[in-house]
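Just so it is clear, A, B, C and D label the chains in written order, and each chain counts residues from 1 on its own.
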Amino acid sequence: MPDFHPRIIGFLCNWCTYAAADLAGSSKLELPPEFTVIRVMCSSRIDHNLILSTFYRGADGILVAGCHPGDCHYGEGNYYARRRFALLKKVMETLDLEPERLELRWVSAAEGNRYAEVVNEFTDRIRKLGPSPIRTSTRL
Amino acid sequence: MSETGTGKTEMTARVGVYLCECGPNIAGKIDLDKVMADILSESDRYRNVELVIRRYGFLCSGPGKQYLEDEIKENGLTHLVVAACSPRDHDSTFMGVCARTDLNPYLYRIVNIREQCSWVITDPEEATERAATYIRGSISRVLRQSSLFEKPLEINPDAVVIGGGAAGMEAALALSSDLRRVFLVEKSASLGGGCGITMPQEKAVIEDPNVDIYLETQMSSVIGFLGNFEIGLKSADGKDEEITAGAIILAIGSDYSDPQESGRISFSESDEVHILAEAERTLEAAGDLKLRDGTMPETIAVVHCVGREEQGYCSGVCCSSSLKLAAAIRRLSPETAVTSVYRDLCLPGADGENVLRMARESGVELIRTKGTSLSGMELDLEKMDGTSEKRSFDMIIPAAAIVPAADTVSLAEMLRIPLDEHGFFKEAHRMTDPAGTTTEGVFIAGTAHGPMSVMSSMRFARACAGQVLTRLVPGERIVPEVKVTEILEAYCTGCGNCLDVCVYGAIYADTDRGISVVNEAVCRGCGNCFASCPSGALRTRHFTNEQIFREVDEALR
Amino acid sequence: MNSIVMKQDASTAIRELLAYLLSSSRVDAVLTMRQVPETGSCDLGLITDPSGMVEAEPFLPVMTANAGQALSSISMSGKRIAAVLKPCELRGFTERVKREQGSFDNLLTISSICGGVFPLEKVISGDLEKLVPRYIEKTARAEAPRGLRETCKACEEFVPMNADISVSVTEHGSLMHLHSDRAEEYTEGFEGERIEARADQSHIDRMMKSRSAAKGKLFQSLEKSSGLDGLVDLFGKCVGCHGCSRVCPICYCQHCDFESINFDYNQPYFQESLEARGALRLPPDTILFQLGRLTHMSFSCVGCGMCSDVCPVSIPVAGIFKKTGERTAGLFDYVPGRDSEEPIPVMVFKEEELGDIG
Amino acid sequence: MAAVLPVGSDLSGAMNRFLKTILEKDIVDAVLMPMKVPSGDSFAWIIMSDSSIVDDAEAMAPVMPVQGARALRSLTRKGEGSIRVLALMRPCEIRAAIELSKLGQVKTENLILAAYDCPGAVPMDSFVSDPSSGEDLFRKMLAGEDVSAGEVKPSCTSCVEFSMTDADLHFGHFGLGGTEVLLIPGSPKGMEILEALELPADRETSIWDEAVRKRREKQVASRDAAFEETGENIRGVQGMLNVFADCISCRNCRAACPICYCRLCHFESETAKQDPNSRLDSAVTRGGISLPADRMLFHTGRMTHMSLSCVSCGQCSDACPADIPVAQVFSFVADRTQKAFEYSAGRNDGDPLPLRSFMKSELSGIHEMVSDAEPGGHAHE
């Protein structure tokens, strides 16, 4: 699939990972053009409907990233996010809906390099996976 | 408003889209003219929307801001999109520009085409395309944004300090020095707390006209938020009182672990075993340490690190205290032989080595062991060379670990503050807000926060006082977060998911109506509750799913 | 009226027309029934790629959803869409347009004289393959095929009222009637002989005769629905799933009032009622919901029959609504879905009307 | 240990008499139980304070048209009440009620939840079309006679929680030959009722235990087979599309579900609906979409919303006009998600709802869950 340009959405928490993205930006690190950043206040803001809808609307991959556990700007948000994520992942796994297209990562404000690594690695993974069957089905 | 053919009146939006060149930072990579042309070519996608789209050198510069302000006014913009840099850099700059016009700052949106496009995407064409996508997403999103209005609140600049120990008194004095009224609430019958010595602040606090001291009193209830707390006090004789204050400083101190907890130490009540803090107090008050029968002990052992393994942390201050006490005993009664039994000496800071030297010079015997156990008055010393030795002493002073005070849990629940893994109050953020908590307006000072020296306790106390002084300035009003969550009552079924996950205690249940209710002044807008609600009965303002979906849809085209 | 003579059967001809509209970029998307070979099932497809048209079965005698309802929000996108709708779906859509839930602005509607559709269970049991050929044969002769939905058997509005293009299948062949300028414009260049023709009235009359008879029988069987006892008898087994309202093209509310806090009672209310009556049914308001829906929408009921299809306890919902609807709409000389310009009766009034209605 | 209720000729009748007695003796203020509807082809939940009405009711109904927990929800969700109500229901209905009580939808303070050994239920559509054979069938099921699996609600044939003693009071009759019913108290509330009736709980229950155990063994095997089949059918997007091919988006499944307590389903709200323009964009990228849109989103979304609390009552399948095996799929997914969180829906064990709580030291390897796996058969380095 040489011409496959995946559509990847990254939901980033305002306080840690979005700041890391800024740091990656000001460090002029190279990032893939297929990756779209959407800023939210906390990883705990991401609900199941948002993720699933984003898949059904045609995303090939979704990355959710926020502060490391224990470092949440709001105290404990990311612990709840982690549980919700685990549930969603379990449902996708059970239905064999390619759970590897969904990823949760913790990236702190200081980790600009890590941010670039995570994004590049995830984008590579999705490139290899090819288009999501949800995006290509005419029956949905 | 415009009249349509059907005679219906429809709203027309005028969206201004301004692209910042940021010198070469953006314009050097992204073909801004192409972006503008692309977006204009698709303007029929938006019903009843007129687009004004322009580029400018540096929008964040003085002339740039003036240009933007003039544009908003001249074009009668109803919505504004600024494609520039990170919102973390200039969101507030452009919101400020909006505020000088009739445009509500929440009908504006910044698009980050610098950190997320021009600086990171190598290929200029791709960067240009990506920038257009981001901008389209923002145009689409801004049309779904709503005006939000900040509601400044009057504040109460007074503070309540819970705990009359070193930290509490220091905080009270620091606040009082700026003429703030302070309610100093102490559970016991006297000030001083657990630091073992009479603090010089005690007299000053008692005499301070700005400080109201409540002895034998505890906090029994609290409602409200930064600038407006209502606090219930209950005294030992059962009297209830309610006070109001703008901030709460928790300086409830700590306790010591029970030395016998580990099982390696056992003694009976009649044995001459006294924990370090007790011994310090006695020495401070009486000038010497006597046995119960009134005689002077001939031998004393101070045992370090009691409880360290059980608690799983080093209390950090006891080695220094133990050595200081040992040296003091030697100084005050040179006939008494003092032995310090330690495993690892923890003497941080510039003064640490001095303490050790002082102890050595005063003739304290230092024994390093792999482990020590105690039975009655006999210590079993497991020496470093593998041998063990049993020695009896007239008096044994274990340096017990510092552990959370008994009230920590109930206060944490009352104030909705999380505890750290050892059970101490947890700060809002280790690095950025070490004295604050997740409940705005509640601060932690002293060992309520974790083991620390008296000096550190007082530093924290001053930090807390500083926070109160800067956050609650008399006469100024505070603007609560407006991007908070609201409950759509019509859809709420009162399941309580949101209530359980809210870190701030900003949501409560109205059982009669069978719904949940948000206290918007306490809410900080993280959106955790939103994600917990299956009904979509919550809406986190400015970050609604509807708005986010606009961005998603444009990105996925 | 200008009509196009179809060389093949109506389905093939319309499929070709739709493909023509897509590939000539006259429309951006096509709404039609289609077959789903992977599952042997069928669904309503919104097709944008002309190659997808091979699956289209524009006149499949099946209704998996009222297409008028499905088209509703899509029609507001500003994109040009051609939609194949059954007459009742088109009327349902028209009623929605009156309620700002859809738009004719960029829409080309195609409909046909409708022979009725089979109930959902026939689709699911996979009988369709057997049924369809016989259906086509019978309807061409204006006869009622066996196994149709009760609602369809009794439907007298089987002739499309306001389509841009209507198809009539008669013994003399299939015709595509062009009713509007848009129809003329869009079909320009599409192959086929143009003639001046109307639908075969005798064919329609024959269909009407059997429909009227069936309707009479249906309404008669529902006579017991009058009076409270009758209603309890009919709706007593209603499980309150409200599926009928969700599939109804007229029930456009995002949130039904009967599911709102207005019908959410406090415990003390139940206690008082229980004291007064000795027994209560839970959850409450089963009959109230049905009565409420009758007053909310019966005058606009287009008789599409989806409500009966989804009822898990086989209540003849569509018949009851149709029967009541004819009476309520009749009060105002209103024909639901006839014309998008015709105002909804309860949204207007005339000073001189209704007299003493007490 | 249990008290004993003698049965004359009719099991259901004996239970009716028991309920009548507790009403007459004012041990409870009202009883909630099924009663046949006037047209005779279904049952409805009736709460009755007048003991004479109990005669017209049926302790154990052949069908479950409305999940009992929904009836309890409408009664107790809002406001404070004081009447003591005994609700006699199937175990899956009691479990749903317990789950709903954790979700603030049912208040159990004044409720006595009573369950009975459930032989399964007759599917609604077959009962409605022929009530009398439905009743005959149910009598056979109660008597423990063999009936063909196709006649019973599919979820009942693989139900492993058909006999539940987490209720305040349980009516056990399996293995007792229809001569008596065991009254098994499951809580102090249940015990109080027995005491008020002066019924000593002194009978040991081994025969019943054994009968329940045997039945459970059989049901577990049948459930495991059902899971395996469902797991095979539901694989991947195409699997979902196959299973839900005939879904017409009527949402009856969610309306019938006791756990779906939302007033307005998120997936029916304006928020969840895609903007028409974007919807067409999606159609264009794919070449076509199916309408009504978002069927799959609805089903997968509902799984994430309620599978942790799913009690596998099978109401969703019963209400589906397209005969989609909704319940089989949801039970299967629920089994997996509940296991992942070591949670069991409908248990009265004080376990908090998984998404409302967390442990700091858990799920730490959540990202590795995938990173270590080889995505979709492609090598990932």
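FYI, a contact is a pair of C-beta atoms (placed from the backbone, for glycine too) under 8 Å apart; a residue touches a chain by one contact, two chains touch by 3 or more.
The structure presented is a predicted model; accordingly, all values stated were derived computationally and were not measured.
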Fill in: Winner on C-beta contact pairs when A-C is weighed against B-D
B-D
Response to the item:
Here the gap between chain B and chain D, centre to centre from mean Cα coordinates and rounded to Å, is 45
Worksheet, complete the sentence: So, in whole Å, the Cα centroid of chain A is separated from that of chain B by 28
Item to complete: Would you mind pulling out the distance in Å between where the CA atoms of chain C average out and where those of chain D do?
Response: 35
Worksheet item: Listing for chain C: what residues touch at least two other chains?
Response: 36, 38, 43, 45, 47, 49, 52, 78, 255, 260-261, 264, 266
Practice prompt. Quick one: which residues in chain D touch 2 or more of the other chains?
Written response: 77-80, 238, 241, 263-264, 266, 269-270, 272, 274, 277-278, 282, 285-290, 305, 355, 360
Worksheet item: Can you list the chain B residues in contact with two or more other chains?
Response: 45, 490-491, 501, 512, 514, 532, 536, 545, 549, 553, 556
Worksheet item: Looking at which chains touch which, would you call it a line, ring, star, complete or other?
Response: complete
Practice prompt. Can you check the complex and tell me which residues of chain C touch chain D?
Written response: 28-29, 31, 36, 38-41, 43-49, 51-52, 64-65, 67, 69-71, 73-79, 120-121, 123-124, 229, 232-234, 236-237, 239-243, 246-247, 254-255, 259-261, 264-271, 274-275, 278-284, 286, 309-314
Worksheet item: Where on chain C is chain A touching in the complex?
Response: 36, 38, 43, 45, 47, 49, 52
Item to complete: Under the touch definition given earlier, write down the residues of chain B that touch chain A in their complex.
Response: 86-89, 112, 114-116, 119-123, 126-127, 129-130, 133-134, 137, 418, 426, 428-430, 438, 483, 501, 503-504, 524-528, 530-533, 536, 540, 543, 545, 548-549, 551-553, 555-556
Worksheet item: For chain A, which residues are in contact with chain B within the complex?
Response: 7, 9, 18-19, 21-22, 24-26, 28-33, 36-42, 44-50, 53-54, 57-59, 71, 73-77, 80-81, 84, 116
Item to complete: Write out the stretch or stretches of chain A touching chain C in their complex.
Response: 138-139
